[in-house]
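Below, chain A partners chain B and then partners chain C, in two separate complexes.
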Partner chain A sequence: MEKAALKAPAYRSDEIPDAATGQEPFFIRLLQQRGFIAGVQFGPIVFWIFFFLLIPMLIILFYSFCQRGPGGVIEHSFSLKNYTHFFVAPIYRKVLIKSAVIALEVTLGALLVAYIPAYYLATVKMKNRILLLIMLIVPFWTSLLIRNYSWILILGREGIINVYLMQWGIISEPLQLLYSEFAVVLGLVHWVLPFMIFPIFSTVDNIDFDLVNAAKNLGANSLQAFWRVTLPLSMPGIAGGCLLTFILTIGSFVTPSLLGGPEDLMITMVIAERFLTLFDWPFGSAASIIYLAIMIAFVLVYDRFVGLKRILNM
Partner chain B sequence: MADLELKQVTKQFGTFLAVKDFSISVEKGEFVSFLGPSGCGKTTTLRMIAGFIEPSKGEILIRGKRVDGVPPYRRDAGMVFQNYALFPHMTVFDNIAFGLRYRKVPKDEIKKRVREMLELVRLPDVEGRRPAQLSGGQQQRIALARAMVIKPKVLLFDEPLSNLDAKLREKLRVELRQIQQEVGITSIFVTHDQEEALALSDRIVVMNQGGVTQIGTPFEIYEKPSTEFVGAFIGQSNFLNGTVEAADRDTLKIKLAEGILVGAKKTAPVDLGAKVKVLIRAERIDLKSKPQATHLASDTNVIKGTIENWSYLGGNVHYYLRLENGQSVFVIEQTAGKTMFQKEDAAFLVFGFHNCLYFPRHT
Partner chain C sequence: MKKIIVGFNPLKWVTVVVYIFIFAPILVVILMSFHPQDIVSFPMPGFSFKWYAKFLSNENLLRALWVSLTLGLSAGCLAGVIGTLAAFAIVRSNLRIKAALNAVTFAPMVISGVVMGVAILSFFNAIGFPRGFFSLVVTHSLFSLPYVVVVVSARLAGFDRSLEEAAMNLGATPWQTFRSVTLPLIAPGIIGGMLLAFTISFDEFPATQFLSTPSTATVPIRIFSMIKTELNPQINVLATIMIVITIGVPLISEYFFRKK
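Our next item is the complex of A and B:
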């Protein structure tokens, strides 16, 4: 990428000399400055990463070693107390495991729900495909809050599911659907669906359909051909979609807060509570750092066993 | 009984007639090519035999058993694809063994048969490799082995050599023919490459716009094209417009523009004064610097022309001539033992009556 950037001046000076003065126009001279091109291309990225990622991360890291003073004041005294507390108190371990379990459930659920539409999108005629893609994307322009509230309307005690099930006499008491792990998983699956559908769609779309034909030609029926050829070849998309989904859901905050019950605490909610309710910035920072470290470790392990290169090459 | 039989097979996609009334009967061990320009329906026909596409009308029979409507995995028609279609996530061994595993062949025998196939396609040492580690030519041989190991009743080839470079294509063509004859398997070969079709086939089916134009041996197709299309599609030919001037029992005299007469062997009944198109193969014309014979005597044409241009291609030379009536003629001459003509040279085109074919002309 860097090489391309350095070659970037599209006009050579001998091609467009300024007719009147014989001098090259100003902007061409500017474009020929190596530093200028590199600066324009990488400057904003470097600026962004530095000021909006690196610096805040360092501040959080710094806070994580401080202590909460009276009234939420940050006392600049170095100590590892926040970290030890996180690992000693069983509640945080429990919350971490709960977060991972919910994220895993969501990933599996989303995979089951997403594969068929992704496969269908990849095999449907080009003309219909664009329409279907639009239908898939447009609902996600709606605010996440509104989509979550709509689940409240559907799942609540007075929600349409309970109302109709009672009206038809299938149940006599309203079911406790809302404020449960089920509701959280449902809401999260709904949210992450496109992140699962698109990677799978793009891998399945790249599978040469003659491979499936070849399998059938050799004696595999449609199901066997799918199992031996299409599914293994869509693994990179599945692996990519699962990684995205898992990372997004384990760090989700809005949906579990709105749809979950008191038992469905996720790590992000604990961190947010520390910062916003208890004004314990140092502990919140330490929890954030631990969470980040765990996620990085997770991605490294995932890479080790699944191979991110393969996913990114899809 | 014929190994493969197509009876008035027709395929319609919406309003587009892709294949119409295709009928042929292929004998056991025969090698038949479907030859035609792209979009002529040859691949569609092949895919109907394989079962990937169902015909709109007509019957397909493999060894006397109707297979239209039967799913592809129960047809026993092995296929070799243009892009090889090897399973990228499996080794060469697993690719070849794929079909055997669905035929409940015991493990030991699978091993034995895969090895035999690899020997047959002359790639005995690659069974542990992935397709991506093989060259295009090797991949296509593996694809051939994979299609043949299931002992299919017919072998279908969908332009299998067109992704290879010219030298390799010819080498593999020879090998393919050898293997096919060794095994004696009935084969259908789709190609748009006339040379491939001529070199490989027992019979060629020339197709155009969904229809069968001519079915015949390579010799028949080249020497006796049934239509102007076949004559133009195969070989390098000159077409000259003319009208029938005189006819006797065996020969015709055809008048070209400005009254130049050419003699042709009579191959089909034709009326005096009928408009015809004369076909003369470029390599069947001899160029002489002096007229050594009389025009129209002893069934030979001798027509004067001028060299307008030429291109030297090593083994042969292409000459572009203009006749005295202004019509252009293209001639291919071997270079061996001949002095080359230069631009503006006068040359006499010498060709026998039998090398002069004619087709009715409507414009």
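Our next item is the complex of A and C:
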């Protein structure tokens, strides 16, 4: 390698090889070491993940076994009190159930809203398809806080929907749309929609429509062909979109705290309250660990019954 | 190709309705930023730039905008460098740990921002490091890493390695090959990834709430407290500016993609 480099005429003089010594400068030689290159490539990311992801997670795991002392001090005494308290107190059980219910509702809602546009974009050949797909990412680029704020303007007591429904005489009293589970689900569906549409779009786009035509030639009507051929073939996309949607929703914080009522408490809100206002870090840590455990358990169960490989190979 | 079906096509109309659903909240906010009154009401009684003028004299919001911009740029650059190196490691090396590394890199994308925030807060607290700008840069860069890795990996995977071999055969050293062949070819991916990272950072709230101090309050922090306390119409202006920035930045990155 070095010899070839020396013979090559095409060098600019400010670059290697070093004219005076006939040797390449130190750092160039260093760069040619395989180990060094691997170190530069892996080093920063491993450092980042080790110190800012793994160690912090281990610290909250440690804190979750501690106790809150007077004034928010963390008392390093090992006990399972936080966990037992979490599972014994009915309020936290309610929070867990609420989180799961909202996540399920959002997953189903997003699937219902996303499937038809994804199917339509994938099957109908038109010029502007790329533009329409890019437009779907626009909400992803727009701040989630802003979108939630906008839902407040739309759903509120004096919001767009109530004002016009009353003007048209459809209702006489404003509807309580905002600060309800409905508002939370609506806001979250809006947020996760791209994560549902894109996996479904890409699987439907890859379906060999000769199969569908074959089913039709054999006597199936359009609906039967869809139900027996297209839908089963688009399952990997549906499964992938649902997994992502569920995981993202169960950990969501902004939408439930802005659009939800006092009843719509999710687990992330309990964690934030413990850390920010009650200064009970050990209990907040325990709640975080419980959230992580539920998420990991969910992914494992999902893998068992649906198969992550199938989704990832989609 | 199918003929365009003339008449009623339910799939098409459902799609149109979903697009309206997607864009409604964004359009409403932009429209309301021109609302002339103190209390947002419908239908709008007229147009005015009053709230834009008020916004431009609100020092708290302008400072928050400055914090968010510098934070987004710092986190974007940091994530750009680390993510690009990681993408090389994941696409090109054949070390065992690369699959595990790939999986762990995506963890911050799916773990709740709240949990990430409290974990990083606990870490900095344990080592006695104060919260503030630096901890925010670290956290935001961690959140945007997966996006940079995805974009740069895609660029690297579709990369014709014979170009590098050709350069080496012609006598270029690995460093020269990297600088004059590899880097220019993947640059659009890196820039795109960094701009995406900027967008992620610019909108991050769940973890930021634990790590920011009053002097490093970002735009999302201000918006959240404004929504919680009083519905000040200046939010509409701020929202419009943020929409313009967050939609404009990816459009610029798209331009870079197209150009190369």
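Throughout what follows, the second predicted complex is superposed on the first by the 275 of 314 C-alpha atoms of A that agree within 3 Å, B and C clash if a C-alpha of one lies under 4 Å from a C-alpha of the other, contacts with A are read in each partner's own complex, and residues count from 1 in each chain.
Basically, contacts are C-beta pairs under 8 Å (C-beta built on N, C-alpha and C of every residue); 3 or more make two chains touch, one makes a residue touch a chain.
Note that the coordinates shown come from a computational prediction; the quantities given were computed from them, not determined experimentally.
Visitor: Applying the document's definition of touch, where does A:G69 land relative to chain B and chain C: first, second, both, or neither?
Guide: neither
Visitor: Would you check which partner chain A:N221 touches, where first means chain B only, second means chain C only, and both and neither mean what they say?
Guide: First partner only.
Visitor: If you stack the two complexes on chain A, which partner ends up touching A:S143: first (chain B), second (chain C), both, or neither?
Guide: second
Visitor: Report the partner of chain A that touches more of its residues: chain B or chain C.
Guide: C
Visitor: Scan A:D208 for contacts with chain B and chain C and give back first, second, both or neither.
Guide: In the superposed model, A:D208 contacts chain B only, not chain C.
Visitor: Quick check: in the complex, which residue numbers of chain B touch chain A?
Guide: 50-52, 71-73, 75, 77-79, 81, 83, 85-89, 98-99, 102-103, 146-147, 150
Visitor: Given the complex with chain B, which residues does chain A contribute to the contact?
Guide: Going by the criterion above, the answer is residues 208, 210-211, 213-222, 224, 228-229, 232-233.
Visitor: Which residues of chain A touch chain C in the complex?
Guide: Going through chain A, the ones touching chain C are 1, 4-5, 7-11, 15-16, 24, 28, 31-32, 37-38, 40-46, 48-49, 51-53, 55-57, 59-60, 63, 113-114, 116-117, 119-121, 124-125, 132, 134-139, 141-154, 158-160, 163-164, 190, 193, 244, 247-248, 250-254, 258, 268, 271-272, 275-276, 281, 284-285, 288, 291-292, 295.
Visitor: Within their complex, state which residues of chain C touch chain A.
Guide: Residues in contact with chain A: 1-2, 11-12, 14-15, 18-19, 21-26, 28-29, 32, 39-43, 81-83, 85-86, 88-89, 92-93, 95, 97, 101, 104-105, 107-108, 110-116, 118-123, 126, 138-139, 141-142, 145, 170-176, 199, 202-203, 205-206, 209-210, 220, 223-224, 227-228, 231, 235, 239, 242-243, 246-247, 249-250, 254.
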